[in-house]
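Each structure below is given as structure tokens.
Look for chain A in each of the two complexes below; its partner is chain B in the first and chain C in the second.
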Partner chain A sequence: MRRSISLYGLTFSLPMLIWQLVFFVAPLVFLIALSFWTVKNFKMEPDFDTVNWVTMYGRSVFWQSYGLTLALATAAAVITSILAFPCSFAIAFKLSPKYRQWAIFLMVIPFFTSYLVRVYSWQIFLSDNGIINGLFAQVGMGPFPLLNTVFATMIGYLTLTFPLVVLLQLFSLIFIDRTLIEAAHNLRCGRIRTVFAVVIPSARVGLVIAALFCFILSFGDFVSPVYLGGGDPTTLSILITDTTKSGQQWPRAAVIALTMIATLLAVAFAAVGFAYKGRTK
Partner chain B sequence: MNDFNRNRFVEFGLRFYILLSFAFVFAPIAASFVFSFNSDRFPSIPLGTFSTEWYVAVATDPLVWEGLRNTLFVGLFVAVVSTILGFGAAYTDFRYRFSGKSAYLALALLPPTIPVVILGLAMLAFLSRINLSGQSISVIIAHIVICAPFAMAITRLRLSQMDPDLEAAAWNLGASEWSAMRHVIIPFASPAIFGALFITMAVSFDEFAVAWFVSGLNETLPVKVLGFLQGQVSPRINVIGTFVFVISMTLVIFAQLLLTGRTMDARAASDD
Partner chain C sequence: MTGIIRPSAGFTRRTLLATGAAALAMPMLGRRANAAATELTMLAWYGHAEPDMVAEFEAENNVKFVPKYYTGGDNMLGLISQSPPGTYDVILSDAEYVQALNAAGYVEELDPNDYALADYFPEFQNFPGNWADGKLFSMVTRFGFLGVAYNTDALTEAEAANYNVFWDPKLTGKVGHFDWHLPNLGQISLLNGNANPYDIDEAAWTALKEKTMSLRPQIGGFFDYGGTFSSLNDGQMLAFCGIGDWITGVLEKSGAKVKSVIPEQGGLQWSECFSIGKGSAKADLAKKWIQYITSAKGQAKSAQMAAYPALIPNQKGWEVLQAENPDEAKRQGMTKDAGNAIDMIRAGRIKYRQWPVQQGLEDWNDFWSEYKGA
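Coming up: the complex of A and B.
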């Protein structure tokens, strides 16, 4: 199969390479340059000045947002993983292959349907005279403030990531060698203990990758914190949209964006390292 | 065979939990549908009367039509180009081994994992630098970056089910590389190619964040929805939402039927 470079081969391989180099890598690299530019009289000028980094890193608001975003995304990754696991476990082990295919089929759909409108729809459930408080009112309780809370933000993160996390967990659970589970059972290992001692360790890679994706998506999402969480306190993603949309402070927004990328890379390497720890493959 | 967990209660509980998960996932979609036909301006229960007034309001709004036109234009363009790029990259992966291949694959698959705010900002800054921001073409460029990896992943999955010897057999029988591509590879990959067209169109159709950053005045429908959200509560969003859901669900269901249907055929055939 090994062949020298030919016109035929390049016709297929080059377009993707060129497109992603020009319109994906170049903009991200440009972001680095941009973070050293200066803004004078509302106009950006090419420069090599660390003023944006110094200004942003000197603000306590920035570090508060950073801490908050990190905490929210970590919480989302943990909560979503825990809530998704019984679902993916049940789909993997309790459904016949036919129903399992249906479940996968149904879980793929929401991943590709407008997240934005689904978040708006949650407002209908969570607002003070929305569906949930309406139900509470029927039994003489409430209204409970649900919208514009961290709880609502978490609902939004779950909406964004739950189907994907279930699917990723599922794909690692399906490939577990079932004889391992039978062996555990024959050795009189209890039900719960089998899950923790056999199933979870065997599926570790998939479970960690699923949590990582949940973290990445929640870390960068600005829709849930704004439209469900009420925009206060501010997350880094809100800080980026505000800084970008309100004038020419793009260099400062670039500082935030680069800090986010660095954080995500660190988390991703740590997570992948943890996932494959002790594996020789 | 799977007789750990024989306990009835646990069995029932787990199955019930699956239903609960789907209820959570589909609740917002269902609510949007129900409330789009509700006469009350502010959504609450008990429901008001059945009404199509919000559909009329949306259908007569020229801004919505403009957004829809932009969305469809962008979506079609993005779907075709992304699928071509994705197919090329998937074929490269299938056929060739070369140094730097993992970097090539990373480049072809990574973009969707970068948070959209970051991608949006980077695109906006870069495209306005080369005078390409604030136009439909800016949205198209940005969406292809995000969508091509999906097309690549889908086609790659399909090609991985193909016996590499088939192509070699075609060459041995005298086919040129190009005609082997046309008569062997493309027919085999065609379900994935159509699946990729549908999926990439659905992704572009729903993408609002990057589009919001780079679109300027040429807003796509989801960007308009974002604008509506910043305004007040309006059942119109439910109408547009229902419409968007129906379209993207149709695209995704078609894609899935194409992909899984043929996969099952292949599996059944190889079992014989």
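Coming up: the complex of A and C.
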């Protein structure tokens, strides 16, 4: 039987509803409308013309950028999840509650500084005359091209998402029922096997959600591909700025943005579906 | 002895009251003085409304500039088109966008008699884009040349004085692009031997695209304003396409080993022009500003703008600069010596940066995106 919504419940959920309507639904509707507008003499004019969709979807550079951005974000999600897991595992299972609190605090600290500043500071480490190549030079190696590469872009994605992924994984690992791990050990399950057979399946929801957040943030990031990747190759976020830079083509940029939103929604639904697959109440 | 403090001799009750009243009124007077400063809105590239440029004018005219900085002509047109008339009193625009401003009716007509046009070099008195149907709509205020920017440790001036240097194997992965199609493609068009780099037929356009694509393996990155500065400054990029002294001049001043040279195939010219925004309620004050910045004194200031230096079209401005800062005048080539900036223009070595004539702007932009993605 369907429950009726009480006034009490409605009052408390109303701010969220209003927030979603004002800051998500309304801009999204406008973005959809904008994608059908036309541009004449640098001026946007309300219209209903599919020319922007036809033009953008007909360009090979768009699909090239799309594939590349998808691949980069997927790689970032996988790499960050793999690198973050030992860290969150150690914090969850090896540290005392007191040190665990400190570790969580340390993971929150990066959010105190601007992401742009952190990315710029990486340039000092990664440039040909930077700190890392300086260390290589001490042992007669290098310089290696680190800055303006896909590697540097990935470092930027890690800078953006690593602390968040660790925290999300951690909150999932902390709440694993310890008796399951003890039972596995009692049944002569080795430590590594316990991780793969008990810990990871038990924390699946948190691990998938963490990877999903990493994917979402990396997929739309503009800062790392530009300031660490040197704008080469072109990601979708760079393509949006390129599109608006010449000829005021905001409607075409809207097509790219909507495609990105659709992709993120599809990935998010798939990831959440996978995370909760086989779960009962 | 009592503790009574007596006023000093001559300090009467009347003076006490008068002084007290004056002291109380001071903040109000100060507030009135501040409130009286007229706000003048300026839409411009970064730097034009900074204190090194406007402080003197603000003090002399009790004006306070309220700048809105943009990053590119399209951005500027977008801001104007989305604002009601009169939002911007003064508009600074790149020359190629002035015609668009004009066509859309975003700027007021100027009276040529109001400005020191006679002091300008003849080449700039009838500057293209400033005039339409014999009417003046904007005043060119500064310009600069685009050539090859290079790291002086990596290349000699003789090596850099040819656009082919971008294809030099020792620069693989070390050539940067300022991320805008117009100056980059214009320079490669010059290398291809096009007399007017932007007025090219389909065959020349195809050849330009092919030549540009052949440069792609050499490219280390596509940079915005900040990225261009940092990648040249830290030696990450050793040569740069699409820029000139407006970037390297700033870096040179801070000791970086970079320089710009106009190659043997010629260079491009960027130009900035001031206009009065349509519907400005402070058009008189805006006119006064343009008079100031195009005068000899204002021009010398403009040449040395902290954000990025530039050449100036006012001959008397050159004289002021030579007297005030002879080193900078020499560095930028604004001296009476042969081969100075005006001589380069007169020798035909410099072409205006402009919108493509035979192709659409969209065609050039689309190709640029393809080139970046290649």
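Quick note on the criterion: the second predicted complex is superposed on the first by the 254 of 281 C-alpha atoms of A that agree within 3 Å, B and C clash if a C-alpha of one lies under 4 Å from a C-alpha of the other, contacts with A are read in each partner's own complex, and residues count from 1 in each chain.
Keep in mind that, in the parts below, a residue touches a chain if its C-beta (ideal position, glycine included) is under 8 Å from a C-beta of that chain, and two chains touch if they have at least 3 such contacts.
Bear in mind the structure is a predicted one, so any value in this text is a computation, not a measurement.
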Touching partner for A:Asn129 - first (chain B), second (chain C), both, neither: both
**Prompt:** A:Pro110 contacts which: chain B (first), chain C (second), both, neither?
**Reply:** first
**Message:** Looking at A:Ala183 after the superposition, I want to know if it touches chain B, chain C, both of them or none. Which is it: first, second, both, neither?
**Reply:** neither
Figure out whether A:Val61 sits in contact with chain B (first) or chain C (second), or with both, or with neither. second
Please indicate which partner A:Tyr227 is in contact with in the superposed arrangement: first for chain B, second for chain C, both, or neither.
both
Once the shared chain is lined up, is A:Cys87 touching chain B (first), chain C (second), both, or neither of them?
-> first
- Query: Between chain B (first) and chain C (second), which does A:Asn148 come into contact with in this model arrangement: first, second, both, or neither?
  - Reply: second
Where does A:Phe30 make contact in the superposed view: on chain B (first), on chain C (second), on both, or on neither?
first
Winner on chain A touched-residue count between chain B and chain C: chain B
Quick one: classify A:Thr244 as touching chain B (first), chain C (second), both or neither. both
Interface residues of chain A shared by chain B and chain C, listed 120, 123, 127, 129-130, 227, 244, 250
Chain A partner, complex, touching residues on chain C are 72, 74-75, 77-78, 81, 100, 103-104, 173, 176, 179-181, 219-224, 227, 230-231, 234-236, 361-362, 364-366, 368-370, 372-373
In the complex, the residues of chain B that touch chain A are 1-5, 7, 10-11, 14-15, 17-18, 21-22, 24-29, 31-32, 35, 42-46, 84-89, 91-92, 95-97, 104, 107-108, 110-111, 113-127, 129, 141-142, 144-145, 148, 152, 164, 168, 177-178, 199, 202-203, 206, 208-209, 213, 222, 225-226, 229, 233, 237-238, 240-241, 244-245, 248-249, 251-253, 256, 260
Residue set of chain A touching chain B in the complex reads 1-3, 6, 8-9, 11-17, 19-21, 23-28, 30-31, 34, 84, 86-87, 89-91, 93-95, 101, 103, 105-110, 112-125, 127, 129-131, 134-135, 158-159, 162-163, 166, 178, 181-182, 184-185, 191, 194, 213, 216-217, 219-223, 227, 237, 240-241, 244, 250, 253-254, 257, 260-261, 264
The chain A residues in contact with chain C across the complex are 41-44, 59-61, 64-65, 120, 123, 127-130, 145, 147-148, 226-227, 229-234, 238-239, 242-250
